[in-house]
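The following pair of complexes shares a single chain, subunit A, combined with subunit B in the former and subunit C in the latter.
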Partner chain A sequence: MRRSPSFKDRAAAWLPVLVLSPSILAVFVGVYLFICWTAVISFSSSQMLPRYDFVGFAQYVRLWSTPRWIIAVENLFIFTALFLIVTIAIGLVMAILLDQKVRAEGALRAIYLYPMALSFIVTGTAWKWILNPTLGIQKVVNDWGWQSFVFDWITRPEVAIYCVVIAAVWQSTGFAMAIFLAGLRGIDNSIIKAAQIEGAGLPRIYLSIIVPMLRPAFLSVIVLLSYISIKSFDLVLALTNGGPGSATEMPSTFMFSATFRRNQMGVGAASAMMMLMTVAAIIIPYLYSELKEDRNGH
Partner chain B sequence: MSTFTKVLMATAIAFPMAQIAQAEGKVEGIHHWVSESEVGALKVLTDSLATKGFIWEDSAVGGLSGANATQALRTRLAAGNPPDTMQLLGYEGVEWANEGALRSLNDLYAKNGWEAAIAPAIQPFVKAGDDYFAAPINMHRQNWVWANKAIFDKYGIAEPKNWDEMIAAGKKLKENGVTAFALSDENWQILEVFEAILTDQNGTDFYKKAVIDLDETALSGPEMIKAFDTLREVRGLVDDGFTGRDWAVASGMVASGQAAMQIMGDWAKGEFLAKGMKPGVDFLCFPTPAATPNYKFVIDAFGVFKKDDAAVAGQDAWIETVMDPESQKKFNMIKGSIPARIDVPVDGFDDCAKRSFADRDAAVNAGTMVGGLTEGFAAKPQFAGVFSDVVGQFFVSDMSSQDAVTALVDGINNAR
Partner chain C sequence: MATDLRSARRSQQLGRLFIYGSLVALAAFYLMPLWVMIVTSLKSLDEIYAGSFIGLPKAVTFEAWSKAWGTACIGTKCAGLKPYFINSLLMVIPAVILSSGIGAINGYVLTKWRFKGSNVVFGMLLFGCFLPFQAVLLPMAQVLGKLGLSGSIPGLVLVHTVYGIAFTTLFFRNYFITIPDELTKAAQIDGAGFFRIFFSIMLPAALPIIVVSCIWQFTQIWNDFLFGVSFTAGDSTPVTVALNNIVNVTMGRKQYNVDMAAAMIAAIPTLVVYVVAGRYFVRGLTAGAVKG
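Our next item is the complex of A and B:
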């Protein structure tokens, strides 16, 4: 005999929808509606205030003929590539070393993870002083007696972007390490033992078995680090403020100054749309392939 | 007005209405004065307002040279809840006046004869069309040199009369191992130096043509190249640790004798006075050297927003407080600037301020008073931004003067 669903059952079915709907609404308005609004503005002649006319791709043309924007886009690619590769490499090596049952592992883990607890503003300000040739590393080494030592990247436009990479890597490596470490702990020891019985050496075990098994950890790290690199606004602001001479400008700092400081809301909106499309172009295929394989695999 | 209404409608959906009831006898104002001397100066005005029977409701939004306060204002206007009054910088006020958001102050100007009390050069920043929309409280001068007197005396350097002498003095200091200029790689600080060179070498008429009218012939002329050449000379007289240096840190270098000079507006004066130094005795202040002296102004002004009739009495009382000569005097003695009114007596001000008064009178008579580009009183923000980009890039790289001029012209044309 089928009994009609009780109030409790019906409530149980509706409760998740009820609880989630405010946040879904907030995300819809706060994210997607404003993405649409930004798109509209990017096709208008808006300057200090939004104007709802249509000028076609004029703001995009203007954007791509602004040298500062070209620098910003180049910087984003240099920064993202180096930041991801270096952070993942160092983070992975540190995780593997820490996984060798070293003493005081908990304390070491906390020390490496600590920079993540700092705001990028703090990291940026500290590294601004560390990298300053008359205050930081260069001065210390010079005072030790190595007079000819020069480390003045932060003053040189052509290499200043690497300073931003250094600071960002310093902050995020511990975080990558923690995720990889969690991934390593999740790997069944019997697999390693089996490989050892088969006669595989330790490097071989790591390269061919363990690293491929860390795939989910790689996914998390790559997605999280890419979004850190795209919103690296505060780090750049504190470390170099886009300088010297626009050399470390990023799309996010460009967007901010165009929209809020230079009365070029249309150009700012166009740059925001370009950023959105860049992120989408990278993240969507990656997520798609990863999630699809995951479904097929299980 | 129609655009403005659309803004209201579009954004009102997004921003929840936060209607604050208009209390009787209150005047609410947005400003970005948060440092100690600024707060102290503002208190002079609010105390005076209190004697007129109105209480000041403070909505300070500090940070980013006023950009945060501007953001706050836009949100408030969009939500249909403007403040009674707002501190307006550069072209900000003109834009709001053109949108029809600001109330005309013509009655007050006519009643009190204020038109004659302000310098004609600042009119574009307080008047749109036929309507006065703002009352200026103070005037800063941008083109100052702050110098360490002990260093000048030690190496026998006198106040330079032109940029050649200035550079020669700098080279002499460098030979003796002294950093001539305390400067930063921040674009705006470099732009202050560049626009001083440009105006001092070529006069205010050229400055108006190139920077305010953005005339392409003037912008690509030999005068610009020469100004960049001179800026390149200044680059050679700056120390290596100039990255990311705050302007106040640079002032501190001059005060402590680590550097000889800083080119900066007169907000730097407070840094010297705060260390107990006296003008003429411990430090020197003189305008950037020019054949024909010029005066680069920066003003703060207050406008009042259109609200219901109940707000008018308080708003008028506030504007009259701002324009009161005695209030302006007390306010500016604390803030370090000079009164925007040109008819306030100089007695009681320090020697640097007295020189600022005298130079301003001369500049008003000679017609050599112009707005400062760096602080937003010459070209509109989208063009001023191009100037600061190019000048900043030029200063930190080995770009040639010709390339800089080309980049400048291209950038300006792209932003038009």
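Our next item is the complex of A and C:
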């Protein structure tokens, strides 16, 4: 009878860990163990089924000598650069305009942000139709009287990737806007007032005072948008299906088709590891700095 | 002096005009695809091929909607999106409840019952938020096969729950950290146990973040494509995969109105959630970026 409370106490002390342990296990297996597993496959000769032998870096060599993969990597760079620049530019302008005490701010914000609630498949389907050269936006402009207007990028391999950029920008600007707006709202208004009294115009105040103060917001937007662009898969698939030819192939679509369509599991795993390392190189320092700030008390 | 004031006022008015003009132009650009989807889905195919893209339909018809919902063909099966829409519902409801519930209790443990190493655990969970799922697709496919869950809705529920935990834990952890520890300490002194404190103190206080977590998970899981297309085929695919299949049917004259109606059907659940609870949606969106 005397020992039972102490047992109960000890059980109670373990209870929190016990409750957390299924999640720890799930994440340990589902994230970390599976990553190792993928790494093992990437060092094996697996094709249609996993085979657990060891062929060293052969699959990585094969991957980097596949022209399709090279195209995918180039596309990723072009896409990420344009996507980031355009999304950040428009998102920032939107946030600054919205911060001028405008009427109907809530409604406007809702309009800019609703694409974030849509599936990339829906976005891709809609933009595929809009960019359709025979019936879409080109036709409309032609009918309005500008007969020579041509907008057939989606059918031309050398520029089709820009179509993916357009659709991705449309979907994600609201997100950048929301973060910038939150940053702007955190800035003390008296700074703007003081600068105005000094005689500085609004554009100058924004460029040389406000925008530099938005550094943390910029960091978040850049990191999160890069992450979106590296894993973007559904949008490409729905909009161009990697085509015309392999003109809009991306690492994510390459990985998918190598693994599930072309029976090159080893190459697919190697490409997945390349993607993972790219994301980790961006995300881990970011998370580290965020957590460190957290601990110092925000 | 008077002219100075007037010109200042005029330039201010011009500034306002510029601001509103830009905002409205941007709004038009962001609404255009939705507008095009809706009007296209309400037109007859003949009208579309006659070259009406952006204008209102001459005669509104819901034919495309009923076709997309009930009779459009995917492969050899012609039952429309309806069965796949139901698949998505069967997938999303349990997955949202499970992942949000687990996230809630994890957040509670990680803030109010900290133990040695709990920060490390949190850091490891956090990386799960930014995992490129390509890196776990192959092993997951193997494991689902071994468990007898491959190609099934319960399999997708499991996958979405596992990979949803990271985000939901982040939400609840960042929220519970703002609830003062004194509150739980006092309850403990009064004799309340681990679960008692969770259910009668923490959960009632967590209503806003419960909404954020559920909305975020609902949107993510409903819109998922990668897991759906990798782990399911045929009759058990979610609606996003079915939509992509409908759009990529290559036989016969392309039915753009049915495509757009199908896209709208797949988009409506998340759009409704967004319209009803947009405020919470934005909070979920910025939670990964702006610390709670």
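Note that the second predicted complex is superposed on the first by the 254 of 298 C-alpha atoms of A that agree within 3 Å, B and C clash if a C-alpha of one lies under 4 Å from a C-alpha of the other, contacts with A are read in each partner's own complex, and residues count from 1 in each chain.
Quick note on the criterion: a residue touches a chain if its C-beta (ideal position, glycine included) is under 8 Å from a C-beta of that chain, and two chains touch if they have at least 3 such contacts.
Worth saying up front: this structure is predicted, and the values here are computed from it rather than measured.
**Q** Taking subunit A as the common reference for superposition, should the pair subunit B and subunit C be classed as clashing or as fitting?
**A** clash
**Q** Give one of first, second, both or neither to describe whether A:Phe175 is in contact with subunit B, with subunit C, with both, or with none.
**A** After superposing on A, A:Phe175 lies in contact with subunit C but is clear of subunit B.
**Q** Using the superposition on chain A described above, determine whether A:Ser65 touches subunit B (first), subunit C (second), both, or neither.
**A** first
**Q** Applying the touch criterion given at the start, work out whether A:Leu207 contacts subunit B, subunit C, both or neither, answering first, second, both or neither.
**A** In the superposed model, A:Leu207 contacts neither subunit B nor subunit C.
**Q** Please work out whether A:Ser252 is in contact with subunit B alone, subunit C alone, both, or neither, and reply first, second, both or neither.
**A** second
**Q** Determine, for the superposed model, which of the two partners subunit B and subunit C contacts more residues of subunit A.
**A** Ranking subunit B and subunit C by residues of subunit A touched puts C first.
**Q** Quick check on the superposed pair: does A:Asn241 touch subunit B, subunit C, both, or neither? Answer first, second, both or neither.
**A** both
**Q** In the overlay, answer first, second, both or neither for which of subunit B and subunit C A:Arg261 touches.
**A** A:Arg261 contacts subunit B only, not subunit C.
**Q** Touching A:Ala281 in the superposition: subunit B (first), subunit C (second), both, neither?
**A** neither
**Q** Check whether A:Tyr112 is in contact with subunit B, with subunit C, with both or with neither, and answer first, second, both or neither.
**A** Only subunit C is touched by A:Tyr112; subunit B is not.
**Q** Per the contact definition in the header, classify A:Leu135: touching subunit B only (first), subunit C only (second), both, or neither.
**A** In the superposed model, A:Leu135 contacts both subunit B and subunit C.
**Q** With subunit C in view, single out which of the stretches 73-81, 199-207, 325-333 or 361-369 of subunit B clashes with it after superposition.
**A** In the superposed model, subunit B runs into subunit C at 73-81.
**Q** Kindly list the residues of subunit A that each of subunit B and subunit C touches, one partner per complex.
**A** 33-34, 37, 50, 128, 135, 241, 260.
**Q** Give the list of subunit A residues in touch with subunit C in this complex.
**A** Subunit A residues touching subunit C: 12, 15-17, 19-20, 22-24, 26-28, 30-35, 37-38, 41, 50, 90, 93-94, 97-98, 100, 102, 108, 110-123, 125-130, 135-137, 139-140, 143, 170, 173-175, 178-179, 182, 202, 217, 220-221, 224, 227, 230-231, 233-234, 237-238, 241, 251-252, 255-256, 259-260, 265, 268-269, 271-273, 275-276, 279-280, 283-284, 287, 290-291, 293-294, 298.
**Q** Could you pull out which subunit B residues touch subunit A in their complex?
**A** For this pair, the touching residues of subunit B are 3-4, 6-7, 10, 14, 64, 67, 70-71, 74, 91-92, 95, 99, 185-187, 239-244, 380-382, 384-385, 389, 392-397, 407, 411, 414-415.
**Q** Can you check the complex and tell me which residues of subunit A touch subunit B?
**A** 29, 33-34, 37, 47-52, 62, 65-68, 128, 131-135, 152, 154-158, 239-241, 243-247, 257, 260-264
**Q** Which bits of subunit C are touching subunit A when the two form their complex?
**A** That would be residues 15, 19-20, 22-23, 26-27, 29-34, 36-37, 40, 48-49, 51, 53-54, 102, 105-106, 109-110, 113, 115, 121, 123-128, 130-140, 142, 161-163, 165-166, 169, 193-194, 219, 222-223, 225-226, 229-230, 240, 243-244, 247-248, 256, 259-260, 262-263, 266-267, 270-271, 273-275, 278, 281-282, 285-286, 288-291 of subunit C.
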